[in-house]
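Before anything else, here is the set of structures, which you'll find just below.
Same chain, two partners: subunit A is paired with subunit B first, then with subunit C.
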Partner chain A sequence: MSVVETAGQVLRDGAFGHATALSCRECGHQVALGPFYACPECFGPLEISYDFPAVTREEIEAGPANIWRYKALLPVPSDIELSPNMEPGFTRLLKAHNLGRELGIDNLWVKDDSTNPTNSFKDRVVACALSAATELHAKVFACPSTGNLANAVAAAGARAGIKTMVFIPANLEKPKQVNSAIYTDSLVAVNGNYDDVNKLASEIAGEEEGWAFVNVNVRPYYAEGSKTLGYEIAEQLGWRLPDQVVIPVASGSQLTKVHKAFQELIKLGLVEDKKYKIYGAQATGCGPVATAFKAGVDAIRPVKPDTIAKSLAIGNPADGIYVLDICRETGGAVEEVTDDEIRDGIVLLARTEGIFTETAGGTTTAVLKKLVETGQLDTSLETVFINTGHGLKTLDAIADKVGAAATIDPSYDAFKASGLI
Partner chain B sequence: MSVSVRIPTILRTYTGGASEVTAEGATLAEVLDNLEAQYTGIKDRILDSAGELRRFVNVYVGNEDVRFLESLATATPAGTQISVIPAVAGGC
Partner chain C sequence: MSVVETAGQVLRDGAFGHATALSCRECGHQVALGPFYACPECFGPLEISYDFPAVTREEIEAGPANIWRYKALLPVPSDIELSPNMEPGFTRLLKAHNLGRELGIDNLWVKDDSTNPTNSFKDRVVACALSAATELHAKVFACPSTGNLANAVAAAGARAGIKTMVFIPANLEKPKQVNSAIYTDSLVAVNGNYDDVNKLASEIAGEEEGWAFVNVNVRPYYAEGSKTLGYEIAEQLGWRLPDQVVIPVASGSQLTKVHKAFQELIKLGLVEDKKYKIYGAQATGCGPVATAFKAGVDAIRPVKPDTIAKSLAIGNPADGIYVLDICRETGGAVEEVTDDEIRDGIVLLARTEGIFTETAGGTTTAVLKKLVETGQLDTSLETVFINTGHGLKTLDAIADKVGAAATIDPSYDAFKASGLI
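What follows is the complex of A and B.
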């Protein structure tokens, strides 16, 4: 097999598919493909540039029922299916009849990513990061996380047979620790909050050779995995784009990648060019992007998160300014909801559609409702919202809100007396 | 007023490959000036043309992001650990 030497690493031909370079999103400076994430000129985020081949709908439809059906559009090799991985994606797109009726939206869909292998959308991005780590000959597959990402990294690493190292805040709830520790013997509890853990991960990535931190030094590859949400929504709607999409915002990466996916599909001629609006959903306790959107400013002021939506609790969102650009350009908005509204959103989605979402999905559902109530969302247009994770991961957030409607003796009389019928 | 500064990978071309260097200064601004005097060109990588911290660079004094402190005016007592880190984040 022919090899190319890029950035001091010997890479096999086609290691990153049709990716050609890493390009700075801020200043356009290009660097060779490798374990790099920050522009050496301006610190801006590096993104994958491609030279896409012609791709047809038929070729995609003939692919596997997971994200690798879009492998030609991802920074992965053409034989990616042969490497042991979690095979995430191609999750269901459900018509949300009842919730649509409840909110007064004529044509509403939910993209339910809670059905991924470790029950969140993170399996998509981690699968792309795992491919990059493998091609870069990484020895350790790692991440800082408070939950979903840790689960996905630990599980994917176990399946791929690569050593994992997962860093979490030491005060993380026990069930969340177990959810990751079950897959790895290297769960590291750090005395500090998530931002402290993230900082430590960046420092380790800068010191240790051969470590692939999925959301740090292989982040450009990792982040591309979120594009598959956009591809799937379009394909599952019958190869067309929706009119409106509502997406949760933590770092802002997923929202920007869904937009990128839609634009790529248009450029490749896989869907008809049309206008669509993108909306971002945040929690009031960590809503720096929503705050900037409403204030009409470009600068995002970091905050100290204080919300039950832990998976959205990034106080200094790296892609926040791009979220502002996209939501403003497309005519969407970034909205925020309180913790009580988030809990109500979790219950609303469960009771109307039978989908138990985690706090991030509760945030998105509640924001969808608020966008309707405030007239920011057009209820006559086809609308998709994304459920990014499963409610069993955040039981503590909802445990006090739902429970037995009655406690009765085991007799028919007692049941009749309960007032439930 | 000697402090220790952790240098990110992308700036180590300025420090001869060193990942940690010492510098002088009572505030972060003074420390950056002192770094510039030692490693010409490094300051322009951390600050933008308006003299503010670049949007995608995080600077920590101790374990605290200086954007939560006094930014460039943040005090840097002797022995302080300063870290310069590219901005990244997890989540969606």
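What follows is the complex of A and C.
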């Protein structure tokens, strides 16, 4: 590769690793790698294209215990480890013995991303966005968000030492503000809802030079970070693909990227080619993709979100149509569950596997249960579901559901009399 | 090894790995491995003795990305991975470029245990206690606690499918109760303070057969889990010891175990023998070890804790005298900081390295700063400090310290007028 110029900037050799271009997912038109996200021909979404070298399992296994072990498959430079970053990923893939028994699934695994640096999968995508921002010489690293993304961007920006601005709705609860404000003195509260904040972000991205909004103008790089969930699942299973995967759907990006990751691993010969089914999980209060799936239609009708699963509350999911395609093609499904089922899902996962998930993970757990109950999931097949975030961030959702079993006086006699044993 | 009988129970071959006995740290008297914690001769604390086999770096590196990669050096069976457990450890060792620059330390690292399964180092020790409880055929897995330990025990017990009872003070704040209650329906609220809860636990341990209280009667096994912090630091530095380590001191166990781990690695030839200094970090509101260190005395005078660093608030630390010995012998120190310094420490670590720590980590960060300012730490030497837990659990401590930089209307003009850029 040689030095290329994009958006008026000189990029260093290998700035984006083995990525070769941005390709439109709709019309296939290609543009040079740069801070672009929409096709200039048809306004379709741009996605990274690569020319991968031969990559071996051994090379990957010799890498660090974080997402950079897959750096050859990401749009990042080969010296990515040298740039201060959060070093996310390579989280636990746990055999879910108890939950499997409870649900009647023979062979169940949970991929637990709640132990990422800021306790959600967002650390993966933000790490890739940060690399793109750095390579594109961005002056400001920014995002609009109400939760996990804000935490991840604020933390990664602090560690990288890049100017960071995080835009949140002004009425966001104080604890959630603290989770981001702790990392940055540039948290900006905006009078309005998340849509207003998002619109402001796009406006700033259009007006200001050198701003990298992780989920706007460097979104193609950002989104690639979710592929690492797929790579890790395959590697941690011993370099093979599972039969079924259940993934929460907000924008839908994560689900499409796990599929992309599996396909890449097959093409690179790192896993055996096999059929697998992909399932999407949504909340009934924001289930536009599930609704379209069940209706058997291709068009997704936007909804106004009304669910406790705030991190899944995207009423008009950008990648919804791709989620539909993938779930239909692979023989999976998209299912939705009510807020009560989500709360039950949170408690179920904690009580069976010792994992405290946020509402998004409660949604995925509850959808897994519903897929079994409705006969949509084959309980004899190896199944993985993804927990994307931590329950400490959404304590309110279950604060009234759990508590002490008894209150006793501090004596052995009082304990014996309590009936607890 | 052959099958041994202890406390009336038949243990399976290799139940405790290469551990050979429980040895009194005071008089050296040895007893058979079992649910014992105090020397029958002198009431001194019992500690695990081993007969280690030859262990190579390669064997360890080929192990899983959790504490079981060091299973040959822990009192656990060789098939420990087969028992459902939290799979904690192998957390990030991050180069702290920004904080190092801020404090004037050339070569600074932070070992970040906030990304453990329940977000504190307690997952390490509880995993070892759980193994001991299982091998000893305990009926109930239990602890008295107000925080991190309760979370870790409740989660590990749920995943292991063992009956679990967690005792907390009844006046513990609701969010902290939820962090444990989410995992178990056997959370017991006790009318009284932590001392009362602790006393009740000892009473139950004495009265009931088959209860494993992690920090009481299986404490020797439990405490060994902290060695893995030392092993990981050495391995992640490339199989060498740092020059200086700063470690928070509650009971003092963690500090003594990191020292023990370093000594074991030297004896096993896994790292080069070298001098290193160990420093202890306490809060001024509960600094009995720091007080004794500064006074140059051997006896530790118990205090009544009064600090925001609740997880360090042990007024009569069991391992305090060993901490004094180690810090003096290695040329380190024990230092303390005020609650205001602790709060500043939390913000400093977040703003420089993107790590949101709890009050204990704020204490360690602030002590690190103070050690530099008072000339007690050599800023030219490679230094590691340990972050033991997550700030999401102690939000209240800094909720009034951080927040939005500005509140604006949702327009580009309003943003421009805000003076933020």
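Here is the rule we use: the second predicted complex is superposed on the first by the 412 of 421 C-alpha atoms of A that agree within 3 Å, B and C clash if a C-alpha of one lies under 4 Å from a C-alpha of the other, contacts with A are read in each partner's own complex, and residues count from 1 in each chain.
Methods note: a residue touches a chain if its C-beta (ideal position, glycine included) is under 8 Å from a C-beta of that chain, and two chains touch if they have at least 3 such contacts.
It should be emphasised that the depicted structure is a prediction, and the values quoted were computed from it without experimental measurement.
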Partner chain(s) touched by A:10 [first = subunit B, second = subunit C, both, neither]: neither
Message: Quick check on the superposed pair: does A:295 touch subunit B, subunit C, both, or neither? Answer first, second, both or neither.
response: neither
- prompt: subunit B or subunit C: which reaches more residues on subunit A?
  reply: C
Task: Using the touch definition from the top, say if A:27 reaches subunit B (first), subunit C (second), both or neither.
output: neither
Query: Regarding the shared-chain residue A:199, is it in contact with subunit B (first), subunit C (second), both, or neither?
result: both
Message: In the overlaid three-chain picture, which partner chain does A:417 touch, first (subunit B) or second (subunit C), both, or neither?
response: neither
Field: Touching both subunit C and subunit B, counted on subunit A across the two superposed complexes
entry: 192, 196, 199, 203, 207
Interfacial residue positions of subunit B with respect to subunit A in the complex: 6, 8-10, 13, 19, 45, 54-58, 60, 63, 65, 67-68, 83, 85-92
- prompt: Which residues, counting only subunit C, touch subunit A once they are in their complex?
  reply: 65-66, 84, 86-87, 90, 92, 94-95, 97-98, 112, 115-119, 140, 154-159, 161, 165, 168, 170, 174-175, 177-179, 181-192, 196-197, 199-200, 203-204, 207-208, 346-347, 350-356, 390-393, 395, 398-399, 402-412, 415, 418, 420-421
Task: Would you mind writing out the residues of subunit A in touch with subunit B in their complex?
output: 26, 36-45, 121, 143-145, 149, 192, 194-196, 198-199, 202-203, 206-207, 215-216, 219, 226, 247-251, 253-255, 301-302, 304, 311-314, 316-319, 321, 360, 388
